[in-house]
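Please find the structures below.
Presented sequentially are two complexes of chain A, the first with chain B as partner and the second with chain C.
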Partner chain A sequence: MTTPRKQIILGHYVGGVNHHTLWSHPRAGSQIDFASFRHAAQTAERGKFDFFFLAEGLILRERLGQIFDQDVVGRPDTLPVLTAIAAVTEHLGLVGTLNATFNEPYELARQLASLDHLSGGRAGWNVVTSFDAFTGQNFRRGGFLNRDDRYVRAQEFVALARQLWDSWPADAIAADTARGRFLRTADVGVFGHHGHQFDVSGHFNVPRSPQGRPVVLQAGAGSHRGRDLLPVPRARAGTGVLPRHPGPGRARRPTGGLGEAAAGRLVRPR
Partner chain B sequence: MFTPGYWTDLVREAERGLLDFVTFEDALNLQSTQIDGAPDGRTDLVRGRLDAVLIASRVAPLTSRIGLVPSVSTLSTEPFHISKAIATLDFVSGGRAGWRVQASRPREALHIGRRAPEPPLHPDTFGTPEIQAYITETFDEASEHVEVVRRLWDSWEDDAEIRDVATGRFLDRDRLHYIDFEGRWFSVRGPSITPRPPQGQPLVTVLGHISAPYRLGARLGDVVYVTPRDIDHARAIVAEIRAEQDRAGRGEQTVHIFADLIVVLDDDGDAARQRLGQLDSLVEQPPRSDAITIAGSPGELADLLLDWQAAGITGYRLRPAVLPVDLEAISRGLAPELARRGRFRTAYTADTLRGHLGLPRPANRYATTRIEAAAR
Partner chain C sequence: MKLLPGGSFVLGDTAADATERAREVARAQVSGQTAQILLETVWNRDLSGYDPDGPLPDVDPDPTGPLVIQGRARLAQDPFETVRQWRALAAQHRYSLRELAIRVFAHTEFVGTPTEIADRLDHFVQNDGSDGFIVGSHLTPGGIDEFVDRVVPLLQERGSLRAEYTGATLRDNLGIPLAPVGADRETAGAVG
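Here is the complex of A and B:
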């Protein structure tokens, strides 16, 4: 028997809104039509990529007080477009960049668990934070976090999401028509969290998803603070760090062997 | 219910019947038979549900004509998020998205760290000033919310993206608009990160049983779902909503009033009525419902729908009692029956949800302002 060779993990990053996406080329397509996303995702799947990765920014970029008009601007909402891609792909992991500052843990945990169900176990979450009042202008809560608190909030956010994902036993649903019983026990989804950032309780209403927990990733240019927000040791399953700069010399160190576990769980378990 | 195939099969069945749209229920809390949503400890009924916007998004690429209308709560979800989520559903479905505005579900507040009303919502507390004030506030907040979402959908003009290679500009920033909404509940600057969706304004729908949601629907909605007990009640509800619509200055616009009905259908009407009796005896305690149940043949149901239409009801949201049995009876029995009478389509004639409902694609409020300003 031969020793298995260490495999490469490949993710397909779809930026769209940035200064290196070329829009002026005659063949440059739409950055918003679903056909573009379908094409990109199906191409990545044909190439046997591990996952498809969508970025997000919750405010249009400005320069000198004016909306920046020289780059591609405008993108779809991350989770609906990833879920639609789930309908036209079979194996590709679906990773969304989602903000821990301007979302609620219950709601986001629910959406990610739903994506995991609706994709047969292919959901992943790239956790990002924002602290600036600039983005806050688009939200009820406003710009309310200083730079340190955004990591505190993000850490508590991710821990709470994991608590919610673990709140249903894997065998909670009996669906026993003969005995007229849907649940094995009535106390599914019970949770309570009383922390500095969140004070919430109730019953989580999404049954345990195919992966148990969607994969959590953290993008960053090697920042220790960013990596520190992953609440479990880096080597543990279900986490990964994405380097911002894909140059080989720079990428080697920050990622160091992290992706394996992540990719193993991004692939449909079957 | 937790697999995509379950939903895809149901929606395709509805599309085969040429229905206008399907709605997807949602809630943050676990299903409960208690009126305030408190846990009821039951294990005999279905518990658990997936996010409705995502179910609709999953079904969208696998269907082509039918409208997709998920419920989203104004209590939990930021208007900025709802606006881009429904706009994106409109993009992935090619102009078939709508939103069922879910305003009041007191128990859900706890899941996101907000307070539930005191005293808890219950038939005995319903008339108290505290609960009445809670209801008023909830719908005031929902109204602001819908207004913000609608403005965000208009925050990009349709032709904002110019890709002008000569000047190096991807977009014309004069055609993007800060909405600068400042209300009691929300303060949102905009513009959206998502361009204006294919329908311009996706469909906004509201379910109501009392005046507060009727007012919300009449002022800001395209469709109001109502639950009349009988034809006289239907007439009274229609009159109230039309009066609110006039008061809001929307008398000239189309606002649909849909009656919600639970249906148990069989080619033989007596068989349907018998089946309803069996269904009621299946569970320990039949769940309470806000809408009345009609058991009968497709022909009998068609008679009722046409009677109520004459009383001012413009459409129906039928809730199949048993899936997929009663949905199939609607798409294969009721729809052809109505078509035979010349009262329902024999093929889709529009591509968008607004198109199915005879609603025009609305002008962009900010474009009009900008063009008028330029003319001065």
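Here is the complex of A and C:
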């Protein structure tokens, strides 16, 4: 009797706005046209990939105060792209990098639950924090968090998002014409969180999504604080970690073959 | 917990062909000017006056000065130590400024023939090095095509990659079951 082979999980990431992407190559296409995303996603689905992956960019890079355009400049927002891809694929997971620094949990939990509904249970969230006041100046509060607090906020953010996703029972919608009641019970979506970063309460307004909760992943687990963002016991299924440098001891047991080559940075397209 | 390291690939019909193509990709990724900019992320100084084909800048980094490069993650916790290591690397291999930048910033993780790459990916996962990979390409949007056409069938032949989707959701396909509702709400961040 042979041991079943472990199944390789494959994701495809697209479109870094950095020097890795060769925009001047004769075969290079647009980084923003939907045709580019559709092609990449449908090709990944043809290859039976588990998911399609988009990074996040919130600002244009500058060098000495000037935008530098040696690399690709400009990119679309993550969620609309994933939503559009949902309509032209059937099985491919849709993982978006979305920051827990400038977003609000109620808003982002709604968007991800909605993507999960629209895609039939294919939504995933790569949680990141944003790193500096330079990015923050695009947002109301600017660079409002120091380095440590951005992880404190992210932990609260993720916990709150989870509470929101869990706030509707799976059988909440009865659509009972005989009783004239849409809901089985009236108390759906109840949430409340009173922490240092968020003090919110109310009713979540998106019914429970096909996956219950979109899959949560975390990139760049190179820093201890970053890893702590999702402090799950190893034995617990449920969280993906996308290590920046999966060297020995971090990746489980890199045994030959890839060695250094596997120590690739993940999700470099920021 | 699933571990999914990422990387990009360059395929070739022979190992030598793949290596040569990867070298061409790296040189296209890191022009002389891009090399200066990449090193500026660590030096935090204007390095535009240093010849990309000449030696590394002979000045020390200036981590406390105003940021030269804004909007990308700073790569070095300790720029002095990073520069020290780079100087040693450059001395050892007689690298120019640009060649050092190529070595440090333009590494393609998976280079080889389709068979070599399939072997390496599969060996790594079967030996529990990771659960899979996130694969990217230097070309948008058609870069993944040859991976799907030439590497994927080999992984499927080995029985290491599905021939058809079996799950209905991303969670199903990844093999990450949902923790019961409310089961561990106390565990901040432990999202399933």
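Everything below uses one rule, namely that the second predicted complex is superposed on the first by the 234 of 270 C-alpha atoms of A that agree within 3 Å, B and C clash if a C-alpha of one lies under 4 Å from a C-alpha of the other, contacts with A are read in each partner's own complex, and residues count from 1 in each chain.
As a working rule, a contact is a pair of C-beta atoms (placed from the backbone, for glycine too) under 8 Å apart; a residue touches a chain by one contact, two chains touch by 3 or more.
Worth saying up front: this structure is predicted, and the values here are computed from it rather than measured.
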Chain B versus chain C as contact partner of A:Q137, first or second or both or neither: first
Which superposed partner A:S114 touches (first chain B, second chain C, both, neither): first
Partner chain(s) touched by A:Y13 [first = chain B, second = chain C, both, neither]: second
Touched partner set for A:S24, first chain B, second chain C, both or neither: both
Touched chain A residues, chain B compared with chain C: C
Which of chain B and chain C A:T83 touches, first, second, both or neither: first
Which of chain B and chain C A:E156 touches, first, second, both or neither: second
Partner chain in contact with A:L60 - chain B first, chain C second, else both or neither: both
Chain B and chain C footprints on chain A, overlapping residues: 24, 59-60, 70-71, 120
Touch list for chain B against partner chain A, complex: 2-4, 8, 27-31, 39, 41-51, 53-55, 57-62, 76-81, 84-85, 87-89, 91-92, 94, 107, 110-113, 156, 161, 163, 165, 168-173, 176, 185-191, 193-195, 282-283
Of chain A, residues touching chain C in the complex: 5-16, 18-22, 24-25, 27-29, 31, 35-37, 39-40, 43-44, 46-48, 50-51, 53, 59-64, 68, 70-71, 91, 93-95, 120-124, 131-132, 134-135, 154-156, 158-159, 161-163, 166, 169, 210-217, 229-232, 234, 236-243, 246, 251-258, 261-270
Chain A residues within the chain B interface of the complex: 23-24, 32-34, 38, 57-60, 66-67, 69-77, 79-81, 83-84, 86-88, 102-104, 106-107, 110-111, 113-115, 117-120, 137-140, 142, 168, 173-174, 180-186, 188-189, 198-207
Interface residues, chain C side, partner chain A - complex: 1-8, 25, 28-31, 33-34, 37-38, 40, 46, 67-74, 105-107, 109-111, 119-136, 138-142, 144-145, 147-148, 152, 155-156, 158-165, 168-179, 181-182, 185, 187-192
